[in-house]
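Submitted below is the structure of interest, expressed as structure tokens.
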């Protein structure tokens, strides 16, 4: 029997949501892992677009950051940052935007800016907007990947960084947001989709071994559950092998020690890299305090 | 008009206390060595602009150089938080840090407006978010043809842009390739500029994807091999990922950060055409 | 989503009577062969957009394809007037030609606004000139931050963009280099596009100065070697300057122009991967 | 004794107005000839910028058009047309704009659009604006080159395509035009400069063998003549040799017959090219009818 982590299940599920031939505007972290997994498995013609200006990147590993050289070297085209936002993202020509989040509400609005009590005196300062607000506004559809907990799935956001469905049905058109909005939210427990009338997120899929009660407990609001709740199939061996291969390749790339390390305030290379699937120290102890889960670089 | 000088001369001549300074490089070609020289020269009250303030801005903020930060994403890319940035925002240490916070699309258009000599840029953005209520430089603007309401962002016009590039020629024409970010806009939007380069060559042969900034649009050029480290210069160096990971621990505590700064920044100097040595 | 087809198929599928069509190529890579196919397929009532209407638009106008011209400079570059254009404007022959006339900077910003999904672009221009009084799509706009009055121009959103490029690969990724003009903006601003190319290759190796339009942003791709003639495709052909000079005499009189059209356009067809033959 | 034409004298005089190391936004035709002559003689570091997006072009011949391949191949940088206007011209970073004109008034306003009676029913349709309006608005200074006659030097313009000094002193600042405006006008008879108070053009230089009366007769308004009118030195042998060499090189380049000539509606190459210094048929018989004298390609 295959063993796998909840994060692997999440990434595999996220990857499955991408169809071959789609154009995908990719946030870093979990979204990038999932998008690269999709390209390595069922969606070889998935077009990866990063906010660093790389269009059609074909990395053989999960990139270390959205500015990884491999993204430029394997791209069909590399454009400037103003161009990627103005000519490529803004007009709505990208099929799907793939975002992370620190906090999310029932209408799939996203906070990656501050956790209370106030903007000027935050308890936790998060990285901020990055490309997310316009990705959320402009793409034909959006998928959000984040770990689920009562703190990340919040009754009320302290700051709306990126708009999902605003106050509910009709908000997006009132705000003039041309893209379709979040089509699904993938967590480490299951999958949520917006109700077609109200736009409120509804639990529609759940992983093997996860109970609905567990998901409710991990949600900061009264969670709605679909009458047709389905169990999502576990990762296949092919999916797991591909994902682990991509992550291992990234770790190898990360541990290549640059010749210049000792020159300008650098450190000797660590014995092993902690990048990739392994969570950063910050992320493992206090998820909300870690911008690694947010969108951006 | 390009002048080829040492890094110390460039920073000394171009950047003064109280200046607005944009150090750009979108995860590639980040001008770390130039940032260290700003710390060494103990510049104060800077308004720092950068779409993606990461380790170098964490260092500048922690070293007390910055009064204000204009940005769109502040983090240690692929790793986690910027502890010096958070300490400044949450605890005003070593001094309060004013924030002016935008989205990437907004910042890119602000730089593009500055480079174009326009007072504002226009985009579809910000609507429905909490950003306009908490930041300067965002306003509604109505299309005079369709009546549609869009978003205007105020132009960025830094005093100084600082970038790192792969090469320059002896006349001071600057060439860089790979992920090219918003550096052209930053240089063209600024009154002055400092460009560190991996090397100076006799002439710049054409390169796929290369951007060339002509000598007459560039200010100070200084040779600093490895000047992007721990970031990278495509074709010259690779990203020192271990340093990004290590920064999390170095920067978490004030004293350890101060010790690192003493050893690796204040305790070093950069000389033209040479690698870094103690001084 | 790129489809590789014949030129005749591309024009037939992409361009319909009454469409707004932008054929771009700034003195380089001008899509002459595609324009001839539009004449051969006898499209009518087109609104033609082009920054620099030159010989190919003189031919389209003289052939009666155009109802309206949106442009910023109409002439035979380096030679003189466009006689068919002037005959249409001054004598309504073969039919009246409505004009919408801008400056280059205005047209470039109109295309860029279209490519960006914005309803207008902003520039410093037109003020004090007679242009705003005689053309549509120009309005004052006030900066919400400084109060300064600038000029807004309405976005161009053609039904179809037509360009010529050096190469495409089998997937339909398009690559061109040299003077790149406003072609990227024209394609991205348009609902559909037709790209003629000198050749289709297995894969596009990177080239200095090359622009690549990805397959999913491109419509119909047709192989037409020499399809820019008498314009040129850098690396494939040189400008046929004699033809530009000769055009002055060919186009001066209606009958001689009609004869030329019969012989060189109506009397020919273009087949994929072949040079032109009689048909 | 050297013999030379009035056009050669005009081009040489125009070239002399350019200083070494300047950045020059070059219109095609006479301005391009003059700018290239300057670069070939006293201003080797003159930076030529064409609206086709070529920055720092170093052609060894007068380009056939502003889109000549030689401009891209010898440039420091080639940028898109939107970029050349927005990033490079508009902010006022170019030292001098070098323009042609079909018609000019006493305040150096330029018409390259229509000659009366009305815009909709013109007697002569000219090529239009091209890059000229923004070149005239934005460059630190402007020079205009055109042949002088009562029709080209008009009391009143039928259409103001590009603004010189508008209605006179103060107009440019009222219109928000940041550039300095026309510093000099070079014709086939002499040189005019704006009066420092009124901005009206004043004849300040005259060629050998040209009389003031002749210049007055060639001007459609009551021409003011400077008290310090100077005679402009004739071309030197070096200047003439360089100019004729550039023009001959252009003719040679133009008569290279492309291999594709016979393919798509082309004509057999003519025995000799008429491009370069020789006027086109249209230009020689009816200057106003010829857009070759105007700005643009």
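Each chain carries a letter (A, B, C and D) given by its place in the written order, and its residues are counted from 1.
Here is the rule we use: a contact is a pair of C-beta atoms (placed from the backbone, for glycine too) under 8 Å apart; a residue touches a chain by one contact, two chains touch by 3 or more.
Please read these numbers as outputs of a predicted model, since none were measured by experiment.
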| item | value |
| --- | --- |
| Chain centre separation (chain B, chain D; CA means) in Å | 41 |
| Averaged-CA centre spacing for the pair chain D and chain A, given as whole angstrom | 56 |
| CA centroid of chain C to CA centroid of chain D, Å | 26 |
| Two or more partner chains touched - positions in chain B | 112, 117-118, 123-124, 148, 184-185, 209 |
| Multi-chain contact residues (two or more partners), chain D | 86, 90, 138, 178 |
| Chain-level touch network, classified as line, ring, star, complete or other | other |
| Chains touching one another, given as label pairs in label order | A-B, A-C, B-C, B-D, C-D |
| Complex contacts: residues of chain C adjacent to chain A | 112, 115-118, 173, 184-185, 188, 204, 211-214, 216-217 |
| Complex contact set, residues of chain C against chain B | 117-124, 137, 139-141, 143-146, 148, 150, 152, 154, 206-210 |
| In the complex with chain C, residue positions of chain D that touch it | 28-29, 51-54, 64-69, 71-73, 78-82, 85-86, 89-90, 113, 119, 121-125, 127-134, 137-138, 159-163, 166, 171, 175-178, 253-261, 263-267, 269-270, 273-275, 280-283, 289-292, 294, 296-297 |
| Chain A partner contacts - residues on chain B that touch it in the complex | 26-28, 32-33, 36, 51-52, 54, 71-82, 85-86, 89-90, 101-105, 108-109, 111-112, 123-131, 134, 148-149, 178-182, 184-185, 209, 225-227, 229-232, 234, 237-243, 245-246, 248-249, 260, 264-265, 268, 270, 275-276 |
| Touching residues (chain side chain D, partner chain B) in the complex | 21, 23, 47, 55-56, 76-77, 86-87, 90-93, 138, 178 |
